[in-house]
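The structure's right below; bear with me while I get my questions together.
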Amino acid sequence: MFYHDRELQYKVRVDKPNPVFARMLQQAIGGIEGEIRVCLQYLFQGWGARGPVKYRNMLLETGTEEIAHIEMLATAVALNLEGAPMSVQDEFAKDKVVGAVLGGMDPRHVLSSGLAAMAVDANGVPFNGSWVVGSGNLAADMHANVMAEATGRVLATRLWEATDDPGMKDMLAFLIARDTMHQNQWMAVLEEIGGLGAHPIPNSFPQSEENQNFNYSFVSTYIGNDTTEGGRWTSGPSIDGKGEFRVEKAAPLGGIPVLAPPDPRGHAQTEQMTTMGAMTGTLSDKVKGKMSGSGTGGHGPLGGRDAE
Amino acid sequence: MFYHDRELQYKVRVDKPNPVFARMLQQAIGGIEGEIRVCLQYLFQGWGARGPVKYRNMLLETGTEEIAHIEMLATAVALNLEGAPMSVQDEFAKDKVVGAVLGGMDPRHVLSSGLAAMAVDANGVPFNGSWVVGSGNLAADMHANVMAEATGRVLATRLWEATDDPGMKDMLAFLIARDTMHQNQWMAVLEEIGGLGAHPIPNSFPQSEENQNFNYSFVSTYIGNDTTEGGRWTSGPSIDGKGEFRVEKAAPLGGIPVLAPPDPRGHAQTEQMTTMGAMTGTLSDKVKGKMSGSGTGGHGPLGGRDAE
Amino acid sequence: MFYHDRELQYKVRVDKPNPVFARMLQQAIGGIEGEIRVCLQYLFQGWGARGPVKYRNMLLETGTEEIAHIEMLATAVALNLEGAPMSVQDEFAKDKVVGAVLGGMDPRHVLSSGLAAMAVDANGVPFNGSWVVGSGNLAADMHANVMAEATGRVLATRLWEATDDPGMKDMLAFLIARDTMHQNQWMAVLEEIGGLGAHPIPNSFPQSEENQNFNYSFVSTYIGNDTTEGGRWTSGPSIDGKGEFRVEKAAPLGGIPVLAPPDPRGHAQTEQMTTMGAMTGTLSDKVKGKMSGSGTGGHGPLGGRDAE
Amino acid sequence: MFYHDRELQYKVRVDKPNPVFARMLQQAIGGIEGEIRVCLQYLFQGWGARGPVKYRNMLLETGTEEIAHIEMLATAVALNLEGAPMSVQDEFAKDKVVGAVLGGMDPRHVLSSGLAAMAVDANGVPFNGSWVVGSGNLAADMHANVMAEATGRVLATRLWEATDDPGMKDMLAFLIARDTMHQNQWMAVLEEIGGLGAHPIPNSFPQSEENQNFNYSFVSTYIGNDTTEGGRWTSGPSIDGKGEFRVEKAAPLGGIPVLAPPDPRGHAQTEQMTTMGAMTGTLSDKVKGKMSGSGTGGHGPLGGRDAE
Amino acid sequence: MFYHDRELQYKVRVDKPNPVFARMLQQAIGGIEGEIRVCLQYLFQGWGARGPVKYRNMLLETGTEEIAHIEMLATAVALNLEGAPMSVQDEFAKDKVVGAVLGGMDPRHVLSSGLAAMAVDANGVPFNGSWVVGSGNLAADMHANVMAEATGRVLATRLWEATDDPGMKDMLAFLIARDTMHQNQWMAVLEEIGGLGAHPIPNSFPQSEENQNFNYSFVSTYIGNDTTEGGRWTSGPSIDGKGEFRVEKAAPLGGIPVLAPPDPRGHAQTEQMTTMGAMTGTLSDKVKGKMSGSGTGGHGPLGGRDAE
Amino acid sequence: MFYHDRELQYKVRVDKPNPVFARMLQQAIGGIEGEIRVCLQYLFQGWGARGPVKYRNMLLETGTEEIAHIEMLATAVALNLEGAPMSVQDEFAKDKVVGAVLGGMDPRHVLSSGLAAMAVDANGVPFNGSWVVGSGNLAADMHANVMAEATGRVLATRLWEATDDPGMKDMLAFLIARDTMHQNQWMAVLEEIGGLGAHPIPNSFPQSEENQNFNYSFVSTYIGNDTTEGGRWTSGPSIDGKGEFRVEKAAPLGGIPVLAPPDPRGHAQTEQMTTMGAMTGTLSDKVKGKMSGSGTGGHGPLGGRDAE
């Protein structure tokens, strides 16, 4: 369970309120790179953690810290909105600064929230629970977390560049520091549970079951004849140490798929109810030899089942 | 620009159509772990790539391959739907297998698509463009890509477990192999552009600007007195080699935030328009000393600006 | 800022795991009636609270409690998923119970989360930040909160009816009790800030500015001649004590709206570029007398503005 | 069924078109506080109403009125867009007013709708059907309706403040008046069906089944030692008259949850497949005594079921 | 499967970068009228095509071309963003042009993508997979495609009007031309599969089963007594040649619906559990004679079913 | 403005309630092919109609009729839900029919709505305002409307196939008939405003401005050497009569796009900050000759602007 303190984790000070910057800060609250996402992501990963308990505990600790970050940013939004212009009409003719503010701020900060933060991104798009990734595979989740903190830190540095308010810069310098730690933290887990040896993820799937011809080939879909530039991924041992990189020119191996004609109860157009050949002429032998699809096309899940 | 071949990249064969499995396959098409996401993600990263051109080229090559994977999965969905039950009424009383199928399949596969794949996940939730991550920072994007391929491979192995159809298992074994390669591929880029030395991401932000007291501390928000278990992230050199891990018990440093009273034009309730003290009694000295907020609360972006 | 305890607020016990019930519980986590919504709603209301500080404090206290409820429900989902069927194929033919489970459970609990809770509702629709209501008006927000707790308690009682698992019933009896308190709590705030006297919301808007002919009339849009049934809202003093209820038959007062023809740069069809009369014949005098619209139709925001 | 009149319910006049105000008005059309929401909410509540028929009738009457409000606002948007700037390039250098308009207006009003209203909010976020609340419990629904009208009236008063166009102010004064009535109307239903005596909602659930220790306690999650401020909700009789308010410091009663290890078919990482103790050291007795979870962890829905 | 070329399908040149135009171009990428939609729509229609194979082939050809259009537009966005302002603070006071740009551009182009295109529309609303229409009925799908190309061409002409950049105008002139072809292309399919004779869609449903009294009547819901204006749809042969248009004044034929009282386990309010008459007085005979609903109201799917 | 009648437009009778069919009917209410969409689409098109007034009037008439269809379907859902199973536990072991129903029904019909319809589709995905298409171009909108009615009629015929309930079949036969009329109606408008002569849409854009080399060519992206099958779209006069169809093999005309290096304030990785050549070796002459992009790469919107 959870407790709160009325004080903030770190000082939030706004020397010169700026409603346009308030809108930008929303990206760090309700955007896909934002704090609601990491907060819920770490908490849900913790609540669903199976296996060694120390990871659950640690995920809950950091998930809890992130609530404090949402709080700091929400406070920063409210402070940046103080004194925001609330009328579209009269200001326009008078002051270009206000005009720019009106254009650049989120109108819902006036209309919907009364000068406070919302659970939305910088364009007013609501936070979306689909961003909360928890796969049940610890390594996959740690990469999701590194990615979240990496895009989050990129965002924070861009916000830091976008403002010259000393209070805001100080707050962002704190959040950037936390992102540094959190990136390291998730990589530390990866190191602890096997590092590169834990690849490919999931490592519990027997690689002998995967197609051995395609698991370490760079498939080049480039149509040109000049060779693909070399890269670390085109030759040499694979990063996971379990294969050898090679390059393969893309080529079709799957034949031309063939679907059964429409089920009459699905009411396609009558013109679709013909056999494939009827309207397309004789199939070339080349095509015929490559046709694939369902062995029992048109029968389905009931086929071959007897009464119980 | 792009070209297509009428043949599939790899064989798609369904020996025994199963509409419930068709629904599950939708997760690999339109779900957050699915192929539309990685396809658009790699393509958009490529189209927006700034800096060395080889990464752009490579991203476009693999993004193009992913279209072929959507195609394979869409074909697999269509083949699994052949012969699906299209009526709710009469079957119920007759056959428990059909009942289970009807319960477990996506009704929109009958109602909306006419037994074909859709751009949705296993619950019919539409693909969402917010999942397409491209930050403009190559390292952050590579982690996003590793994560996408890791959760994608986890998904594919679970689909592999969920079916005993030989054709489907063969197709999934191919896709799992491709995910193995793609995980390695994105890690290969990370190695090439500096590996751990490229952390924290973004590495172009001067770390001297981040708060030096919090960039390598594990902040423990656990309220108990028994110590947090040790982990790789609690002591020793940080993973990026630029700091030393330590543990710090969470403590508030930010004081109690103070917002200005509501702007009258925002029409809060009259009862909110009081001064803070009026309804809450005298503030304790402790609180007063900690108050923070906007230096010019209530003024805002217009304050102090002169006419142009 | 925030802290957590590794123990739950209240015992979560599942005597007989049931993946279908796990799916139902998701509604109480990520649904519009669920705990993520109230948690974020109370926290955001608190973080943006202007005016007397006691409400901010109280909102944060209860918002914090709700995180513990998400935690309990997420734990309940994970426990209900233990042993869930993970394959669609072989089970079908064998066991109708499993068939029913497969049909009724969320496939993403197997495919995406590895038998754990997600930030989605009972249909897999992701939590949506737009549900987090905080208007900046304390009375409006309290009604939003009463509503959230009322629909939340309705949901919890339906979940209580849907299960006969003693552990689950016990957990739900706890959550139902909390909803009872929270409904009372928000109503207590309403009483404290003026009760019915604080209506209509917002009470800071001068009612003299509202249209006096329509502020206490029930407008009957029923086309029949038999009178609308009486109700508390058709006669007698209004609930806020500031008016008298009456019934008025719906009648148009606004004339027929007239829009300017399409702007040529918007590329409507050529056929739309005619004057209104040209294709519709002579307007009747009745219509002409009622026309309304923009006084300066076709001019717009630039009209009448001089150079600065 | 439904009929319409070509005249508006109330006059819509725009004296000076303003595309930025058009964007703001969208919040009242397609936003969560807007008219599409209340229109569909009242209609769906009416169509699903069970019990006394008079509420169904009344809900349909007012739901029908709301269509007329959408119509008025859609007309107001179209009129405010007349003459809007349709080019980004040349205007910039010439006129700061146009620049501000271009920044502040919704570009889709030019690009997508051809200077007409859309079913979106002030940020272009589409109307979302999840906002249409109808729980089947009349009291819960009435609170949802009061809340919708309260946030709607707050929105309308803010729009009224944001414009100085006499026509728009007149239209909004009408809509504000209707919101006054509708708030009263839903409260009148609450009074008629039992008022405070109908709490807690749903009142058909036997309160004896709810946890008696937690149904009238304010749970304080504040970590500080200075006492929570008193409020109407901390002592005295509860608002519903069925309990006595008290304050309780938050404390965990639920033990530490224990989940079974991952199901191998879900392909967690191999490193997660250990027993809990193996990687975390000996559990303290304190923890052991508090462990809870599924009584038959790892068995699940099939456990104990015999063949039919 | 698919291949790509590193060159674009057509030249993309930006003479004078404009971040506001970059935002507008997003509508043509991730908006409902945009290229991601048509790309996926044609590909999914092709992958699910049943019946004559030539339509599948053709859909895949054009779907593949559309990827190249996304690529062109994404490139155009990136080029228009070069040199965009990245700071909100200092610029405001200095330059009204920058102010207008800041207001009008998408802040996520700075914050989230690092000056590159995203899979969103002009308001930052993410692309949504629900827009990908493929019904399995070829004629319905062709109309969906004509509509997509028609709204897409309208959008492109508006973008053409909105810019005076020669490079952008040239690129748009190319895209407009492609839309011309694609509109013709889908209409050509309609002509080939029967033209007007293929209406109503689906033509495989026997029209004898549809209600013969309402299939060619214009139902007038206008409440006025002045007659509806005549149009092609009010008299004469129907467009499909299978009926005769006529006008019918809207009138109810369905009686008043009657629902059963609430199921007690659904926990409506106690006050809803009365019989309909009890709280509404005696029903008039008129109403009684018209009541309709479920013949076995309150019984449901189990009623009348025996044990197996 | 609008009025309603308490009677339905057409009889809704459910002889044998079926909660699985109730879920399917939701697609016709809140799905993209459903009635909320067409209702709002026609009304918004009407409210924003510019040009001849008769189309506005007609759109409002039919939009109003569609509200009655939502009402009929919402009633049908409620009636089909009567007697639905509300518990997951006990039924499982007893009755396979109930198991199938539980699996196939929408759990939110029990949990959220109390056995009533919701504004969602058959998978519980909420109605989305983005589906409401109104472009301001009458011809584009008519195609959108034909498409909506065509997919709507396909859906209705599939629902008709899915049930054997006589009441439901009768209701659907009515709705199918209305869809027949509405398809004809929108085609009648197209005929009236110019028919094929009104193509390409928008016809108000001068075709001389579009690229003359690509406006009537089928671009073949097929990589194979066997020729594309002929179709109506590959030769002969174009459907709009303004061009001649021809086939052109896809070929790149646009050169390789070149973006400027990352703006340092956007904090890409340091490794991206190189010149393009540095890490990719010498560019081939072929590539150099084809490079394109922004003429003033790296300068942007401020370039060349003087102080005001």
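Every chain is named by a letter (A, B, C, D, E and F) in the order it is written, and numbering of its residues begins at 1.
To be clear about the criterion, a residue touches a chain if its C-beta (ideal position, glycine included) is under 8 Å from a C-beta of that chain, and two chains touch if they have at least 3 such contacts.
In this text the structure is predicted, and so the values were computed from the model without any measurement.
The set of chains touching subunit C and also touching subunit E is given as A, B, D, F.
When the interfaces C-D and D-F are ranked by C-beta pairs in contact, the top one is C-D. Subunit A and subunit E touch with mostly distinct residues; of the residue numbers seen at this interface, under half occur in both copies. Mean C-alpha positions place subunit A and subunit F at a centre distance of 25 Å. If you average the Cα atoms of subunit A and of subunit C, the two centres end up 26 Å apart. For subunit C, residues that reach two or more other chains under the stated contact definition are 1-9, 16, 18, 32-33, 48, 50, 54, 57, 60-61, 64-65, 68, 75, 78, 86-87, 93, 96-97, 99-104, 110, 112, 114-115, 120, 123-126, 128, 130-131, 135-137, 139, 154, 157-158, 161, 201-202, 205, 221-223, 229, 250, 252, 254, 259-260, 262, 265-268, 280, 305.
Only residues 154, 157-158, 161, 223, 226, 229, 265-267, 280-281, 284, 286 of subunit C touch subunit E when the two sit together in their complex.
Contacts from subunit F toward subunit C in the complex involve residues 1-6, 48-54, 86-90, 92-93, 96, 99-100, 102-104, 106-108, 110-112, 114, 120, 123-126, 136-139, 193-194, 198, 201-205.
For subunit D in complex with subunit A, the residues that touch the partner chain are 16, 18, 20-21, 23-24, 27, 31-33, 96-97, 99-104, 121-125, 154-155, 158-159, 161-165, 221-224, 250, 252, 254, 257, 259-262, 264, 266-274, 276, 278-280.
Within the complex, the subunit B residues that touch subunit E are 1-9, 30, 36, 40, 43-44, 47-48, 50, 57, 60-61, 64-65, 67-68, 70-71, 74-75, 78, 93, 112-120, 126-132, 134-137, 305.
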